[in-house]
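Two complexes are shown next, each including chain A; its partner changes from chain B in the first to chain C in the second.
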Partner chain A sequence: MGRPVAIIGVGQTKHGRRMDVSYPDLVREAVLRVFEDTGLTPDDIDGVVSGTMPSMMEGVALTHFYFADAMQAVGKPILKTETCGSTGVSIAHTAFYWVASGMADIVLAVGHEKMNEGDSQATMTTVCEPFYQRHFVAGAPGAFSMQSRVWMDNFGIPEDKVRDAAAYISKTHHDSAFDNPYAHVKLRVTIDDVKNSKIITYPIRLLDVCPNSDGACAVIFASEEAVRKLGRKKVAWVKGIGFRGEEYYFGDSDKAVWQSAIQAAKEAYDQAGINDPRKDLDVAEVYNPFTFQEMMFYECFGFCGFGEAPDLVLKGIFARDGQLPCDPSGGTLCSNPIGATGLIRVAEAALQVMDKAGDHQIPGARTALGHAMGGADQFNGIMIVGSEM
Partner chain B sequence: MAKEFRTLLTEIKLPYELAYGATWTKFFEGMKEKKIYGTKCSRCGRILVPARTFCPRCFVDTDEWVEVSPQGTVLTWSYANYRYFGMPMDPPFISALIKLDGSDVGFLHIVAGFDLDDFEVVRQTVKTGMRVKAVWEDERKGHIMDIRHFEPL
Partner chain C sequence: MANRVAIVAVSQNAGAESKDNFYDQAYRVVKDALDKAGMSREEIHTVVSASSDIFHGGISCANAYYWESSAAFLKPGSRQDGESLFALAYAAMRIMTGKHDTALVVGLCKGSENPENDTCTHMFTDPFYQREVGLNETVAAALQMRLYMERFGVTHEQCARVAVKNLGNALRNPYAHKKGIYTIEEVLDSKRVIDPLTAMQIAPKSEGIIALVLASENKAKKLTDKPVWLKGYSSSLDTFNFGDRDLLNGQLKNAASRAYKMAGITNPRKEVDLAEITEPYAFQELLWCEDLGFCERGDGGKFIDSGATQREGALPVNASGGVLANNPYVSRGLQRAVEAFLQIRGEAGEHQVGKKVRTALAHGTHGFAGQCHAVAILGI
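The block that comes next holds the complex of A and B.
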């Protein structure tokens, strides 16, 4: 894994419909907060990496140029990393590689999106190839709904049970968002509200789906030497990372047993020395733009066996006070500025092991997982952080 | 009360001319003749639909052409009931992965031919594992929508 690397601070914007700020000003809001959090200045930064989902979400290509000033990247090496929905975790991986390799000591990672400025699903559908699949995929909700049905059928899980568990996830995450000052959607919902909400792409309904959010997240990664020099005690050490891609065509592969999710987690677990993730992890920030899909991740990450997730969800195993709390921040379901979202998952995992998560802190969390998914079921990326090196 | 800030309404329009290449030219020409072509991988033996230039897994050329059946089995489906800018079809519609007889992968298209506005009808009609067949347009242009939709058998 190269040299030890730690996250030493994070900054997030208030996520939501942010038509009160221009896109560069939104990015700067997160960057200012990470400097405030770490006490560093732009002079301390050796390199900057940023990314969005597709640039065209806001109609500006190559946004790392647009935000060079807002990220104070002028005169520094700058990189852009873009892997669709998993962009944010890929940005974190890029920053990690940069420091772990010894080529930099302190790297600023910034993820950002302003989804309310364009048409998010129209933009995302351009991820699909233009001759054939783009006509039918019905945006991200369509692809993920079809995948969820394959999973239910494959493991013979009754649709009613999955529906109940998905509604439970929606209700509890919406409740958790009230404890996260940066969350977008703050709405009290009941199980019945979720089950009766408008069909978006059946079986997925409105309250099973993430919002279109504007937001940015900035995270500073530092080498062991830099951590020591700065005299930092509360940091989040990167314990393991994993990333896998899959075949392009939706329909070519079995996505109920989702290999990119399984293999990305396995790679990260092997590095972090995690054998039993449900016991060894204290908290997980699972990328959950759709409630149904969240349960597939639980299974692919080994939190439980295949086909078991809905039962365990309904038993509260993954609730805030359960054995392995998942998405205590309210997760992607309540805030999804896509290019920032994966980095927010990593930032939230880091906050948990630094004991800085505030009202949604899981007491005593020492090991945490951050995750993001991208493409039409194509990419999965993981970063595991811990309080001890 | 929140202060209102100005916004700029703008749009970007760009023309594109996308090359099909030899394999997809032959596949889409086949659609005009009501034929659905796949190609077979000489290494893993899978028949891929639509036809591919190479097998994504084996990385070998797939130059054995096979005509597959216009009938197949629904592997999964979803009822799309929302709209985005430039959506190619008006909702509601049913996206589905269909395993065409004689092929080894899911073919993405739509299932229709009954009252899509009544969700109860949809829920009673559409099941994973149901058999469907292609319904062709009378005037075909060598386009994926030459198949109007798949309907229950």
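The block that comes next holds the complex of A and C.
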């Protein structure tokens, strides 16, 4: 496990349609905020981890070049981590390993995306190879709608119940976004609004789907020694990490009993000493670009049994005042600058255990999970943070 | 270094265009590396690969495509973009934490399925200013070369001599893509691409699947009698706007000095026995030798004239033929580490250098005129 590592500060942009800033300035906004938050300067940074989505979405390849100055990374050692949608959590993992290995004391992790200047769904389609899969995959919603059907069929969950639970998730997350100053979509919706919104790919409707956001996130990781030297009290210790990738061909794997999600969670739980995640975790920031998929993650992460998630959602178990609040920030459903999104999940988890989440703080949160998913439903990454070392 | 990390086995494919599909190539190289290490896939704890979407045959999220064929199925893993030596460093970090005992590092770039390298490198530019003027890696290198020659009096002939040396060395390397015995005149008379660069001073576009098996100290000693240790590593990134940079005073010195410090090297000229340097443009080998401290500033031309960097010289540079002979853009840095490993183990075959190699340097660079550099020091 190496040396203990903590998150000592986070910086986020106001996510949304940010036509007021250039892409480098968007990155700079998040980076300056994390320096402001921690009181550190670029001179304190031993290394920088950067990452985002594929070059087709960026319009620029190897973006660490373009953002070298915005990330205050000139003259610094650099790593460039990209694993598709799970990039944000993979960036956090890289920063963790860099510090835990003893190769650096303080590392800056930066994730970013300016989706309104690109074509995210066209790019997503090119994740699939050009001969077989590309013709079938209608961007991300195509894959996720198929997955949600498999899940319902597999466990015999009535479609009406799933529809109600998904609408509940959409409504409550949209409400939560009002308490998060950085969230993109701020919209009051009712259960009926969700159920009657436009169909994207059946059974997924517009209000089940995340937006295209511009946004960036910067997080600073530090060694125990650095935390002590800096005299920091409120930090988020990294307790466990997990990552798994599975079959490239979408049809080759079981996407209901979803091994990459199950095993990534298990790896992180084993390391963090978590036996009963619903009890042991106080908050989870689950990557939820689609309401249906959020419920599948609850099951794969062991928050409940397979096929049980819709019932528990409707009972409020995962609501802000429930047993295990999920996505009190509004989650990916309300802000999704993809290359930053996974890192935002980790940052939000860290804010919760540092008691710095403001209006969407879960009182007394001590252990929190951040998660991201990527590829054509292929990769899952997790980071668990806690208030105690 | 607290927890030492060793390379215990390596494999690579040939650089020339291959009819084999990507999956077969990746599978064979990875399997070969595991076989050489005497390990099964199950014994590998984590996989870190290196690839770039812009150099990946029109498929985005490159890591998604080759995840299974590079042995990473349901394993903890990650991917580095741009510079493959990043993946070596990251995999080593994973082992240094004690969380993993063994790691597989894979670099993947199938040049034959990509457009011309500079069609891709053009996309490193920002879309507003630099892209409009047609900047790409070769244009940037030509500007850097002109400046280098003017400021230090380095000659065309001295630059061309790098190509003569490296393409000659490549004759002994079965994996090299371009090779041959040429004269300085032939190099200078080859097609003028972007003045002052001629075609033979520019690296080709090659295939490169590279695999290395890494292990912790305890595990390495069980796996091999000849572990090669990662003694030092660092990287450094330069500012973005091309016109803002001093092209003769870049970040390699920074990366090298940090790597030397970690490896306990105070006099690289004496303590480094051999170097594998990423020189996509012939003159860059001379300039990088200066930055690495192998000779004085401005003396790169005299340094090659002295014969020191020849295969039988005092400090052989690119005995494999280097990047001028083999240029799988993303994996070329990792290929330097593989060659350094082979030389240290005495397993480089016909291009094994005469002197005993105890410490070798592997260098990777990508971006315009070396916007980013990485340096790894390997040794026994």
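Everything that follows uses one rule, which is that the second predicted complex is superposed on the first by the 389 of 389 C-alpha atoms of A that agree within 3 Å, B and C clash if a C-alpha of one lies under 4 Å from a C-alpha of the other, contacts with A are read in each partner's own complex, and residues count from 1 in each chain.
Note that contacts are C-beta pairs under 8 Å (C-beta built on N, C-alpha and C of every residue); 3 or more make two chains touch, one makes a residue touch a chain.
The structure displayed is predicted, hence computed values, not measured ones.
Student: Is this a clash or a fit when chain B and chain C both end up on chain A?
Tutor: fit
Student: With the two complexes superposed on chain A, say which partner A:Val137 touches: chain B (first), chain C (second), both, or neither.
Tutor: Only chain B is touched by A:Val137; chain C is not.
Student: Looking at the overlay, does A:Leu79 come into contact with chain B only (first), chain C only (second), both, or neither?
Tutor: A:Leu79: touches chain C, not chain B.
Student: So, does A:Asp119 touch the first partner chain B, the second partner chain C, both, or neither?
Tutor: Only chain B is touched by A:Asp119; chain C is not.
Student: Return first, second, both or neither, reflecting whether A:Gly51 touches chain B, chain C, both chains, or no partner chain.
Tutor: So A:Gly51 only meets chain C here.
Student: Between chain B and chain C, whom does A:Phe243 touch in the aligned arrangement: first, second, both, or neither?
Tutor: In the superposition, A:Phe243 touches chain C alone.
Student: What is the contact status of A:Glu267 with respect to chain B (first) and chain C (second): first, second, both, or neither?
Tutor: second
Student: Could you say whether A:Asp69 touches chain B, chain C, both of them, or neither, answering first, second, both or neither?
Tutor: Second partner only, chain C.
Student: Tell me which of chain B and chain C touches more residues of chain A.
Tutor: When the residues of chain A touched by each partner are counted, C comes out ahead.
Student: Superposed on chain A, how close does chain B come to chain C by Cα atoms? Whole Å, please.
Tutor: Once the two complexes are overlaid, chain B and chain C approach no closer than 5 Å between C-alpha atoms.
Student: Which parts of chain A are touched by chain B and by chain C alike?
Tutor: 56, 59, 130, 247-248
Student: Per the contact definition, I'd like the list of chain B residues that touch chain A in the complex.
Tutor: Residues 2-3, 5, 7, 10-12, 18, 20, 24, 28, 48, 50, 56-57, 75-82, 84-89, 93, 95-97, 105-110, 119, 122, 128, 144-145 of chain B touch chain A in their complex.
Student: What residues of chain A sit close enough to touch chain C in their complex?
Tutor: The contact residues of chain A facing chain C are 1-3, 48, 51, 53-57, 59-62, 64-69, 73-84, 90, 93-94, 97-98, 100-103, 123-124, 126-130, 242-248, 259-260, 263, 267, 271, 374-376, 378-379.
Student: Given the complex with chain B, which residues does chain A contribute to the contact?
Tutor: Chain A reaches chain B through residues 19-20, 56, 59, 119-122, 125, 130-139, 141-142, 145-147, 149-150, 153, 198-204, 247-252.
Student: In the complex of these two chains, what residues of chain C are touching chain A?
Tutor: 1-3, 52-54, 58-61, 63-68, 72-83, 86, 89-90, 92-94, 96-99, 120, 123-127, 233-241, 251, 254-255, 258, 366-368, 371-372
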